[in-house]
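Input: structures, listed below.
There are two complexes below, and they share subunit A, which is joined by subunit B in the first and by subunit C in the second.
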Partner chain A sequence: MAGITIAALSTVYPNGVRAVDSLDLEVADGELFALLGPSGCGKTTLLRTIAGLEGASEGVVSIGSRDVTRLQPGERRVAMVFQDYALFPHMTVAENIAYPLRVRGVAKSVQQETAVRTAEGLSLGALLDRRPGQLSGGQQQRAALARAVAASAEVLLLDEPLSNLDARLRLEARTFLKKLQRELELTTVFVTHDQAEALALADRIAVMDAGRIRQLGTPREVFQRPADTFVANFIGSTPMNLVPRDDVVLGVRPEYLAPAAEGLFTGSVSIVENLGVTSLVTLDCGEDQIGYIVPEDSEPSIGAVVTVGAPAARVLRYDKETGLLVR
Partner chain B sequence: MSPLWIVRRIGFYVLITVVLAFFAVPMLWLASAPFDTKPGLGLRWPDWTFANVSATFDHPFTLSSLVNSLILCAIATVVTTVLAALAAYALSRVRIPGRDLLLYLLLLLSSVVTGTAAMVPIFVMMLQLGLINSQFGTALVIAGGMLPAAIFILKDFVDAVPRSYEESACVFGASPRQVLSHVVLPVARPGVATIFVWAFVNAWGNFLLPFLLLRDVGQQPAAVLLRTLYDEGGSANLTVIPVFSLLYSIPVVVLYLFVSKRYGFRFHGGIKS
Partner chain C sequence: MDSSGLGVRRAVAFVAPALVLIGIFLVFPALWTLYIGITNYQLTGPAAANPQVVGLDNVLEAVRDPLFTNSVWLTALFVLFSAVIGQNVLGFALAWLLRSVSPWLRRTIEGLVLLSWILPSTVVAFLWFAVLSRDTGTLGLLLGSPETSWLVQYPMTSLIIFNIWRGTAFSMLLYTSALAAVPPSQLETARLVGASGWQTVRDVVFPHIRGHVLTNTLLISLWTANDFTPFLLTSGGPNHQSEVLPVLIYRQALEGGQLGYASAMSLLLLVGNLVIALIYLRLLRRRA
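Take a look at the complex of A and B:
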């Protein structure tokens, strides 16, 4: 068990792209950590640099107290689950799970025993003799996780662990993943472009853009107080209202807005979108479109003029020039 | 069921029968002529005998030529498969400028390298190297001719092996050699099996190179010996040729069946991703 320390890390591709740009990051021991960002933001490169699959151009990667920057992937004591799971198609599930031990030359009987024990723990016991091609998506994901667990590494790295599952299975797998991580107390870093996944799973989130970290914090911090307009835009299943006012940009989440006698915005209802237990109402306020969430059965009628407001603590101010949060 | 439909149907089956007969007749000759008292070039119900078989076995060079063929093909096939697998892996994974051009050039030149045009230089080179009448030397020349095409075909199979498989093995601590033997080759196995059989069949049927490079009749493989099976009058030795042809065709069929059963030309269906 060990944390990860990254100091002034840069990963530059041969074509000159700085995928990771002098980045500092500390992941605590036993933490479930999310690297979140749009595609091309460098999050996968950062994960692969931790794994050693990409070479660091500058800076240091440490696992626990060991400097692993110049070590081969196999010497870093990390385990990784790839986006496509990378299960070996010619091996059975048992052989796949036991593969990390086979590489180390562990005795066959121990390999078998570990495979069975790990598979039981991830409810794959009945599938040990199947080949990956005969498994469903969810089972493949668990088999890949089982193989990573069997490696008994200090750090678990997951590249888009849920993106290959259909929506319903994703929720199930998400809960499973969190439970497994809690049981193993294994330092885990996962990459995702899905903000809801990061918010639901992670202890802490690093929101990345252009090879740098825009904000680092707990899901609550990142959701409630986005550090800049980029993060504000990126986090939240309904986009944050960002409205220029005088010399600042006001940021209010639709969830925090409610009809009020004296409010921030007034406009006529133009669209009502049903989100299940709530609805997203869009107000037409001249130049700006303001969204706010109402509970079911209290949707206003189209064309009605509504004034909405939010508690003062929920209204954020961003600098117009830099986009940074004004404290 | 219009009359036209019936006529077309009949026409279709007649055509199929003719095509089928075209390919079946030589096979039937191969099955019947070796066991006929008076084997001819025509096809007829045989007058069963094993005299031709013992006559073939008594011939001084028939059996040894088959052994020569096996040795020659085994060396050429193993050299081709091993080197092609290593080269295909390297060329598939390492990005070097002009890689594709190199591959196409190799492929183009390979038909020249062991083609008829290059026979004189090859003969001179082998003579100076003292490799005339050497099974090993001849096998190397045959393998050299097959390698470019083998690399080209095998590279496609290796290209299809996802990088994440290798990276995954690598993260778990596999050495490059282990990555190749545990992951890449087994996943590319249908390709390796294809190249193995293709190389063997090619080497087995190769006439010109062994004919030129193996001057000693005791060293010659079956494909070359077949040409010398004439009687004193100069006409084809029909007691030996049918049996010899049958023996000559067996290894290729056996190899195909064995490889197909043991290693399989089957693919491990891709994993949905």
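Take a look at the complex of A and C:
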């Protein structure tokens, strides 16, 4: 068991792209940590640099008290689950799970025992003799997780763990993953481009852009007080309203806005989108489009003029020039 | 059935020229070889004018002929060491190692290897003659033993090394494309659990490319068994020491004039090829 410390880390590709740019990060022991960002932001490169699959150009990666920057991937005591799970198609589930032990030359009986025990823990007990091709997507993911767990690594790395599953299964797998991580108390870093996934799973989130961390915080902090307009835009299933006012940009989440006698914005209703138990209403306020959320059965009619407001603590101010949150 | 909409007559008219060419240059000579294999047909003399059918006598004679059995043995050695082992292993090793070097170096090495493959046999044979010959040969001079006549003192070894050099490019190309089909995430998983290079090849790479290995081995085995280039280097000598089957057949037919006898040997070589092919096909099917 160990945390991860990353100091002034840069990963530069041969073509000169700085995928990770002098980045500092500390992941606590036993934490479930998300690297979140749009594609090309460097989150996967950072994960692969922690694993040792990409070489660090500058800086230090430490696991626990060990400096692993120059170690081979196999010497770092990290396990990784890839987006495509990377199960070996010609091996059974049991052989796949036991593979890390087989490489180390562990006795056959111990391999078998570990495979059975790990598989039971991930409810794969009945599938030990199957081959990966005979498993569903969710089962394949659990088999890949079991192999990573059987490696008894100090750090678990997950690359887009839920993106290959269909929507319904994804929710189930998300709950399973969080439960498993809590049971194992294993330091886990996962990469995702899906902000909802990061908010739901992680203890802390690093929102990345262009090889740097834009904001680091708990899901609540990142959701309620995005550090800049980039994060504000990226986090939240409905985008945050960002409205220029005088010398600042006002930021209010649609979820925090409600009709009020004296409010922030007034406009006529142009669109109503049904989101299930809520609806997203778009107000036409001259130059700006303002979205707010209403509960079901209380949608205003199109064309109605509505004034909306939010509690003062929920209205954020961003600097017009830098886009940074004004405290 | 008439998916092209040509009608049977016109369709036949279109393929007829090709079929005629194949008939004249492939089917007829093959059948002709089979026929003269059961006669005592010779290049000159009375048997050239009036060949007699002798049945399977030629085949039986060949099986008892020490020159033929010697030749079968040499051919087996040639195929085993230069193709099945040499080209296969070296071709795979090059393909595997060249993945991780810079593109510039990789293209240079691939280019050089390919060059040895695409040059005409006669040119290549002449070059190797210059390298291996006595007194002035490059190899002898490099090793400080110009008195060694490599092709005379070590004829089979020379042929085997020559054929590895000559044919590795094909295996390298085939394995390069086969390796591209191995999912990178599986190779990286092996790296992460600390698998050695050999463990990675055995556990991850080989199961993916097994079909390629079999196909490649089949092709290079057949090509090597039927290769006539050894004649250009050693002519089968000295004293039949490097007389692989194609060379023996050629010498029997055109130097000895025994066309019937040589044709019977060709038939046996063909049967040998078929046996090799059947074994590989059986292995391929078992895998599927």
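Here is the rule we go by: the second predicted complex is superposed on the first by the 327 of 327 C-alpha atoms of A that agree within 3 Å, B and C clash if a C-alpha of one lies under 4 Å from a C-alpha of the other, contacts with A are read in each partner's own complex, and residues count from 1 in each chain.
Keep this in mind: a contact is a pair of C-beta atoms (placed from the backbone, for glycine too) under 8 Å apart; a residue touches a chain by one contact, two chains touch by 3 or more.
Only a predicted model underlies this, so the values are computations on that prediction, with no experimental measurement involved.
Upon superposition of the two complexes on subunit A, a steric clash is found between subunit B and subunit C.
Once chain A of one complex is fitted onto chain A of the other, the partner contacts of A:99 extend to both subunit B and subunit C.
Once chain A of one complex is fitted onto chain A of the other, the partner contacts of A:88 extend to both subunit B and subunit C. With both structures placed on the common chain, the touch criterion links A:78 to subunit B and to subunit C. In the superposed model, A:213 makes contact with neither subunit B nor subunit C. In the superposed pair of complexes, A:151 makes contact with subunit B and with subunit C alike.
Which of subunit B and subunit C touches more residues of subunit A: that partner is B.
Once the two complexes are laid over each other on the shared chain, residue contacts for A:137 go to subunit B alone; subunit C is not touched.
Overlap of the subunit B and subunit C interfaces on subunit A: residues 51-53, 72-75, 78-80, 82-86, 88-90, 99-100, 102-104, 147, 151.
Contacts from subunit C toward subunit A in the complex involve residues 183, 185-186, 188-195, 199, 203-204, 207-208. Per the touch definition, subunit B reaches subunit A in the complex via residues 162, 164-165, 167-175, 178, 182-183, 186-187, 189, 268-273. On subunit A, the positions that touch subunit B within their shared complex are 51-53, 72-75, 78-80, 82-90, 99-100, 102-104, 131-133, 137, 140, 147, 151, 164. Against subunit C, the residues of subunit A that register as touching in their complex are 51-53, 72-75, 78-80, 82-86, 88-90, 99-100, 102-104, 147, 151.
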